[in-house]
Amino acid sequence: MNNVLEVHDIQTFIGQYHILEGVSLEVPRGSITVLLGRNGAGKTTTLKSIIGLTPPKTGAVLFNGAEIQGKPTFRITGQGIGYVPEHRAVFRDLTVEENLRIAERKKGDLALRGDFIFNLFPDLKRLIKLPGGHLSGGQQQMLAVARALVPENTLLLIDEPSEGLAPVIIEQMIEAIRQLSAYTTVLLVEQNFIMASQLADRYTIIESGRSVKSGQMADLVKDGDTIRRYLGAT
Amino acid sequence: MQVSLSRRWQKIFSGRGAQGWVYLAVFALLALFPLIAGLTIGNPQAASEGAGFFEGLLQRAESGYAKFWQGMLIQMLILSIFAMSYDILLGYTGILSFGHAMFFGTGGYAIAILIGQHFNWPFFQALGAVVVIAVLQSLIFGILSLRVKGVYLTMVTLAFAEMFFILAEAGDFRQYTGADDGLHGFPVPAYLSATEHRTRFYYLALILFVLVFLAARRLINSPTGRVMIATRDNENRAMMIGFNTFWYKLIAFVAAGVFAALAGALSALFNVSVTPATLTTFRTIDALAMTIIGGVGTLIGPILGAGIIQLLGYWLERWFGANWTLIYGIIFMLIVVFLPYGIVGTLRRRSFGWKAGWARWKQLLTGKAAPG
Amino acid sequence: MTGFLRNNRTILLTLVFLLGMIAFTFQGLEPKVGMSILLSGITLAALFFLIASGLSLIFGLMDVLNFAHGVIFVLGAFVGLSTLMNPRLLFNTLPFFLSAAGGVAIARHLGTPLWQRVNTERGRKILWWSLLVLAFALLAFGLRRFPIRTLNAFSITTVGGAVPTALAQEPLGLMIQRVAFLFLAGLPFGLAVAPRELRQENRRAALWKSIAITLGLLVSAFAILLLRDPGEQFILGLSVDWRFLLALTAGTLAGMLAGAGIEIVLIRPFYGNPVTQLVLTLGLMIAGTDLIEAVWGEESHPPMEPPSWFNGACRSDSLIAWFSEHCRSIDVLGRAFPTYRLFIIFVGIAIFIGVGILLKRTRLGMIIRAGVQDSEMVQALGINVRQVFTLVFALGSGLAALGGVIAAPFLGVFSGMGQIFILQAFIAVVIGGMGSYTGAAIGTLILGLARAYGDHFVAAGIDLPFLANTIKGSPAIARASTVLIMAIVLLVRPAGIFGKKE
């Protein structure tokens, strides 16, 4: 099994709206794969469909070779998928420590990986007793990523980690994601093409609910046509 | 076959354009009801000697079962007005109010107190005052409760209505409201007495019903109504386009309040009594139930729902005695579960059909996935 | 220090306001009058809190506005009353629940393969409802002609005495038949609530576990049935204190079970559809009140006998004296105050602290607090949120039922008692901010005090500077005035004192 995650032609409806009309992608083990596309193309819905928050109506999602579509979300993520949603979704009323502890799947997860996490995000150690709602945007983003690292996850889904962050923080974030990708596989949604091109090995482009192009990131950087056509003038 | 049939139903119930004749037919049927009832279930002995056919028919309509069923229909019409007014809020503006009984009860109390011994106002002046009171009341409580949204609005309206209920029941205003006994036997003008002139009262109710129906339809199809519907679907978007949704919600609140107050006044006149029960949450729940059973977001739905609930209540009470609300509650829950869009809504969506239902069953039994 | 002040600004301001209000009202009163009003207010607040806290948690976590909460309160009171006065009802109904639970336990285990055969959303929905209908049909058939009202005629029993033998006990054979039918009714219900997929665990061991549970439940059902006569004599022979404790336990358990049942059957299939859920709880409120009247009758019962600790025919001078004397009332600044009400206050505070610790210190509490903000994210972390939902629903309902039992010796027991309380609880929750636990506590405190002071001042008369006459009124005026408090709070803070802005 070379691919941690394979998505085969999923179609997702939200209410009566047909949001995904056929998305396929694969995420090779150990890679950073990025989902590119314009606003509203369906990138976030793809992530949510993978973990069953918006379950796909047809198509298949394979995680480590086993079908997971149609299962309840907590079963899917319980198998080892970490999810970092957009807008961070840090629990505001919980302290930083509780935000991390709630993600434990086995007792002692946090103790086991705490050092690694606090190495990656030294700020969090200092803020450990503070409620999540009192953190700055950048700190909340770090906490959200850290939370996904607490249990043993073989795949991380990270949605727009650079959104609304200052350039200095984005640099930190890129560095952190690069470091943690040594341990797990990452599927990233990112609007910021520069960040995406620095990080990713592979890409998949989504355009109005369909996956239209996949390949190596190194090829895409050279392919000005495709970038202009699907991602706007960057 | 099934498709064409449901299409036809759909056309009838969709309430747009060329179905005027259906409305006319239903209206004509309702208008002729006293005569038909007089002919079929009225007491033949009630017709006086030497009266002409038509005159005799009217006299027969004032007797026996004909009189009783006219009474039932009058109550249905009153409830329909009440339910339609509720649907302007719930179905067309997306406001889940739990205080609608406030307007219904206040309308009843207003007319009873104003034509009663303390004020002795002429009838039509009192009726005008009911409208004025309803406008003021809905403005005040609309402005107060529309400040908050969602569940908060539901609870706030519930609390306001409960406040009126408590005050109506309180002994402090006994000389005006009759406290927990309510008001009975206030001087309804003799020409409107529902016991003496049942048929006349029936036509009064019918005319008011048609007027409210037309007014509500006019409101909903007007540009104002479109903004209300836009507010229901997505308030933020409506605000972004540049509408001050607060005013449109307030308009809906006032319109609904006035219609409900008229229904309440009519109900008070028909029964020649008002009790604090007209102000309870259960009254609001009635409106909610009628709207939901008939179909939220339609005008026909609440009317159908009112008819069904009135009949259901009557039969259930006859069959099950005092504990009929238990059965009523269960039936209500079943309808909500199985017809989530109400009767009219389900017909319009065509999501109900025996054939499709049977197919679903077969598919379930064989365990095979649906073709296509 | 400044950080602490800033973080808890709302709560501190509210407390200062409350203290100011109390201090202000004390000015015009004799201390003993003021004190007893204060205590009455807190008593009411404690009762309101037991209802409001569950409502608020349920709403915060699941967005369900639970109108059926008041019915649970009444249910608790009646189950408590039954336990205390005539346990015959319990002995004759408990086996039903146990055997039905046994059926559920075994069928829950066997149901998963059935669900895996049905692949479509539609099919699953139909299967779910047809199994439920089958379960209810069997239930209705099994329970037909069960003479619940005669078993339940505790109004005739003298307090502490035995059930008159003239009241016929149900024949054993008939009861066994019914118990068997309820086991059958439990089967389709168990199939309906079976997990939708196989877990990775050891199937064989799990099967043995289910069989053991089922057998245990069935055995205990028949044991209760066989032991019902000596059991009844035993309970009625106990002192009133033990029976009160038993009543508390039974009432709370009944409330929790009812709550869990409501969540599983009516609420769970409709998440994401709040209006349907609300309307269903409304329907339940209508039907539930009638169901209670069908079982326990429409007549109101006088206040239940309180434990002997609060029932001595004397008046203690102080709390310390009360510990040895167990008097009915206690001297507060020269005025008698019922000690049972102090007990209500004590229970209210204990529950407030206990649930607070649960929320603050345990993993479950952490999940609840996180779920109040974003239950989707909690699920995405690999936590079975639905299970937590059921648990919280049961917990909240249990608190309401506990409130019902506690209120029974204070208010009496009647089927309408829920409706009086549910509205005030709603108002308290709105004032405090929906979904906030602290908010529920503060909201109920404000409301309880306002009611107590309002009652006093409305009855004593208020002198307004611009009116010549003193305004006097009935308690109803004070009851209606709480709505004004709510309106004022919402005008200042549209989401309540502790509510989050949307």
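Residue numbering begins at 1 within each chain, and the chains themselves are lettered A, B and C in the order written.
To be clear about the criterion, contacts are C-beta pairs under 8 Å (C-beta built on N, C-alpha and C of every residue); 3 or more make two chains touch, one makes a residue touch a chain.
Predicted, not measured: the structure shown is a model, and the values here were computed from it.
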Please identify each chain that touches chain A as well as chain B. C
If you tally contacting C-beta pairs, which pair wins, B-C or A-C? B-C
Taking the mean of all protein CA atoms as the centre, name the chain whose own CA mean is closest to it. C
Farthest chain from chain A, comparing Cα centres? B
Nearest whole angstrom, what separates the Cα centre of chain A from the Cα centre of chain B? 52
Chain B and chain C have mean C-alpha positions lying a whole-number Å distance apart equal to 35
Roughly how far is chain A from chain C, centre to centre by C-alpha average, rounded to an integer in Å? 42
Which residues does chain C have that touch at least 2 chains other than itself? none
Could you please specify the touching residues of chain C with respect to chain A in the complex? 196-197, 363, 366-367, 369-370, 372-374, 376-386
Touching chain B in the complex: which residues of chain C? 59, 63, 65, 117-120, 122-123, 126-127, 129, 266, 273, 275-276, 278-280, 282-291, 293-294, 423, 426-427, 429-430, 434, 473-474, 476-477, 479-480, 483-484, 486-487, 490-491, 494-496, 502
Which of the residues in chain A come into contact with chain C in the complex? 51, 53, 71-75, 77-78, 83, 85, 89, 91-94, 98, 101-103, 105, 147, 151
In the complex, the residues of chain B that touch chain C are 96, 144, 147-152, 154-156, 158-160, 162-163, 166-167, 169-172, 282, 285, 288-289, 292, 323, 325-326, 328-330, 332-333, 336-338, 340, 360-361, 363-364, 367, 369-370
